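Every chain is named by a letter (A, B, C and D) in the order it is written, and numbering of its residues begins at 1.
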Amino acid sequence: MAVQVKARLISNKKVGSYHHLIFAGDGIAAGVRPGHFAAVAVGEENSPMVLRRAFSIHKATEMTSRGSTIELIVSPHGPGTQWLVNQQEGSTIDVVAPLGKPFALPKTPANCLLVAGGYGSAPMVYLAQELLARGCSVDIVFGAGTESKLFDVLEAKRLARYFEITTDDGSAGTQGRVSDVIPKMMAKGQTEAIYACGPMPMLQSVAELAAKSNIVSQCAVEESMACGIGVCMTCVLPVIGDDGITRMVRSCTDGPIFRGDTIRWDEVGTVPDDCLGAPKVGGH
Amino acid sequence: MTIVISTSLGNLKLAAPVLTASGCAAAGKELDQFFDITKIGGIVTKSIMLEARSGRPTPRMAETPSGMLNSIGLQGPGIDSFIEKDLAWLANRGATTVVSIAGNNVEEFGRLAGKLRDHPAVAGIEINISCPNVANRGLVFACNVGSATDVVTSVRRNVGPEMPLLAKLSPDVTDIVEIARAVRDAGANGVSVINTVLGMVIDQKTLKPVLGGRTGGLSGPAIRPVAVRCVYQIHAALPDLPILGMGGIRNGKDALEFIAAGASAISVGTATFGDPSAPMRIQNELTAEIESRGFESLKEVIGIAHEKESN
Amino acid sequence: MTIVISTSLGNLKLAAPVLTASGCAAAGKELDQFFDITKIGGIVTKSIMLEARSGRPTPRMAETPSGMLNSIGLQGPGIDSFIEKDLAWLANRGATTVVSIAGNNVEEFGRLAGKLRDHPAVAGIEINISCPNVANRGLVFACNVGSATDVVTSVRRNVGPEMPLLAKLSPDVTDIVEIARAVRDAGANGVSVINTVLGMVIDQKTLKPVLGGRTGGLSGPAIRPVAVRCVYQIHAALPDLPILGMGGIRNGKDALEFIAAGASAISVGTATFGDPSAPMRIQNELTAEIESRGFESLKEVIGIAHEKESN
Amino acid sequence: MAVQVKARLISNKKVGSYHHLIFAGDGIAAGVRPGHFAAVAVGEENSPMVLRRAFSIHKATEMTSRGSTIELIVSPHGPGTQWLVNQQEGSTIDVVAPLGKPFALPKTPANCLLVAGGYGSAPMVYLAQELLARGCSVDIVFGAGTESKLFDVLEAKRLARYFEITTDDGSAGTQGRVSDVIPKMMAKGQTEAIYACGPMPMLQSVAELAAKSNIVSQCAVEESMACGIGVCMTCVLPVIGDDGITRMVRSCTDGPIFRGDTIRWDEVGTVPDDCLGAPKVGGH
């Protein structure tokens, strides 16, 4: 059950390449779980930007002195995110949260490996805390193009049993991609479940590594979204259902978290021929 | 609000003037968490086809100046699943429901209508003959008097004389009045104006069309002047043909333009993506706008832009 | 910039790819104080008619979301005064000049063309068969294959085979490709795409149309996706027909979309109202965009969006 | 010859219902005369507002320590002017100036009456100074709906020989309209020329009063403008030329200042039948 609130931006701090935003508003933190996201309206009144922007919820705090808050990590990219990171503390911004399905947590204690790429680390510390609270062990790998695009390293290091960093340019940790170090981590940590958030290619490699060792992976996908609440059908990707049938599924409501082995990774961005309702020859 | 905002689209009676736009509210359920969907004029559901349909590849949208392009391609579960799940939910929720249907051919439209004929929850049917997101442009029945007529005739034959029918028109035609007249003569009780305008965006990196479907439908405030013009033209030529107006409505003032131009009710589409409570908010704003101008009912404002005009 | 930006529209050779849009630069003189008008591709002059013409009553414009409506109604001094004053100034200034002409009927188009036939300063003629701001919609020759053909045929007959002719098309048609094919077959060397989209705005106080002419032409970034789509459709169907692309171009990236979609050159209209140096700025930005992508000439980019496309 | 400059907003002060803005930029004040106007771009990059806003130049100062400056008096009205008055000092705004034809000044000293309605007083003190410098006498009438919409009263009072104020609500000066007091002022001041800036109905009444007593009036009209530089033809009104022929004339380049007796006041907003190129029956 999501709420729409005119939230107050009570903090806007630059951290590396990103901005850490804290929003306060009534009920804004209610029912938030790791993996949920928020949809934020951007631009002034009558802005030419008519669509919301989606961001993983980094942290949610019920009723502090400043009211309930949620925190987002925003990477300035196009006009909407640029606008957002330029907002002054104290300004009012329309936020809808929580949205999507959160990460599924193990019923019994398990060895968990958390893998994040770039701002994909935004929800990871939050997730780690939940896992630890359930008696799970937590190992963490953060990857990024360069050091300034790593977020939450200290917190992650503090919580993790084993912790690794990779950067494409070697400016921090091991030079290379997260997939280079995951096998080692899995062996060392006897990983039973992998949680991943980041760019699609990274998610795919994580899902494949998990599949190889027959363990489950939970992947937070990032598809272009117009509404974030399930009414527009822009955010779909091909997902295999329990019945074995592939459907074009909304990542905003049925995701953004999917089991890695249910996503037709190679066909993301296409409509597989065997997908339910796929165009027949001469059809649409 | 003390003024009377009830309205009607021919034999379709509405307690309030603002409906959702097809494809911008799914089947109402998601929006119900942001406002009470029984308090607006009604829910127009995503156009449904006979069979389940996957729609087009992604990316399916691109934001454009004061608008967006979409190429969903009529993704949906098919009419039977729709009736069983979505329509059942709407019936049980007690929302006024207009079901939008889309067929691959005239005969499919007829069969779709037939399945809805005796369903108690169906307040009316919107016949989507104008979806631009179909591989074969020939599928845009609204671009041709003949095919538009055939579709509406077939639907009318399958639902009997009582069922309120709205034909949804495309602005991408040389003479929208001609199409409106044709669907009226074929048995439509009213027209829904407008569907999206065919458009394209080229990706700056790949220099290829952004959308998986290459072309898409342009919607949002950018097209509002085109939509108001279409409503105005149709009302001027066919004053007795009820119009459900839409296209870029973002607030009460925008909605008022459509009512003044000749719409008896309006639909809110793209605005819902930016503000999930937009339909409810806009209905309240429209009511306030009408009241603040000293009118006692919405009906007084319908088509008022046409009265004793200067030049 | 080191890359080659010269281009051509059929037999109309252009040293640079950015021109002004008709009606958005008068006859160049006013813009010359903001940038050197001889440095851009050329000046397309305000559509001129045989006789002096007062145009429509005011208000003639309304700002709309990311765009504007105008209903100028082809105000101008008439062809003779235009040749004597405006064209003389342009000739003397040494600007590449494309003269836009508009007639009330086929015969007037022919006579207008005849008066320009042997004028040394006329690099080419743009035939405006698509102005929406005419009391009689029947005047929009571009809405009909027959009348579009007649106008272009008559103009061609009056200027001989050498004169570069561009036919300016309206997006307000069911099938713009059909019109493009017709004007090509009638002797146009290229097409100018697009003219404004017919629109309307209702005044919040009077609840009547804002514009004195009631309807007006929608221009600006709002319509860019529609314009890019039209250019793409025409280039896909008629790859050898040169296109002067326009509609909402505001910067180099916007211009690049048109070139990639199939335009050989582009015109800048409404953007000039917000930034009087827009044509020059956009030409520089476009050049930089092309260069930054590793191309050596603008020609390499023309129509590139069509090559070996995914799906 | 107008220039386009990225000007710095160096001061933004609220005065009554209006904002007094000072812009600094190279050459921005060059050649400015009373009656000239400036066209200002409004909104952020990619703003949905695609057109400029026009404002009378209140004051122009060549090369001070802060560079050349021009000053505008802005009444917040719709989105563009709202945006403008909300801009912070120090922000950069694109300004084109000077535009239009300035007030024509008497060749020989004359008794001048300056009449302004609302923000129409913006150029009047500037004009008064020029007239005084030429040995003219200056009488002034300011009118407005209410006191807060009167601008520059003290300066005007200081410079004027005779000075009068009218307000519709009587909150300042005489209750009523400027036209109520103009005859008295004309008699007292032996007025030989009237200069007027304000709403069209006010200008019309001023022009008619001037015509009655066979003196010239110079009226600064306000027509809706899209470009401000003469290329769009949106800003026209019916004006009688020296040849006696009425034409639809651009107020941005041939105006905004017109001799009152040349404007077809009753037909503003229409195209008079006898206007050059007016639609013939069955014509356009």
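Just a few scattered comments:
Definition applied: a contact is a pair of C-beta atoms (placed from the backbone, for glycine too) under 8 Å apart; a residue touches a chain by one contact, two chains touch by 3 or more.
What you see is a predicted model, and the numbers here were worked out from it, not measured in a lab.
Under the touch definition stated at the top, subunit A and subunit D share these contacting partners: B, C. Put simply, the chain farthest from subunit C by mean CA position is A. Averaged C-alpha coordinates give centres for subunit C and subunit D that are 34 Å from one another.
Measuring from the averaged C-alpha position of subunit A to that of subunit C gives a distance of 47 Å. Separating the CA-averaged centres of subunit B and subunit C is a span of 33 Å. Among all residues of subunit D, those that touch two or more other chains are 46, 48, 270.
Counting partner chains per residue, subunit C has residues 57, 65-67, 212, 220-221, 311 touching two or more of them.
Arrangement of the chains shown, judged by which pairs touch: all-to-all, with no pair of chains left without contact.
Those residues of subunit D lying in contact with subunit B across their complex are 46, 48, 270. Interface of subunit C with subunit B (complex): residues 57, 64-67, 69, 143-144, 172-175, 197-202, 204, 207-209, 212, 214-216, 218, 220-226, 228-229, 232, 248, 253, 256-257, 260-261, 293, 301, 304-305, 309-311. By the touch rule above, subunit B contacts subunit D in their complex via residues 65-66, 221, 311. On subunit C, the positions that touch subunit D within their shared complex are 23-26, 30-31, 33-34, 46, 51-61, 63, 65-68, 70, 72-76, 78, 104, 134-136, 139, 212, 220-221, 250, 270-277. Within the complex formed with subunit A, the subunit D residues making contact are 44, 46-48, 79.
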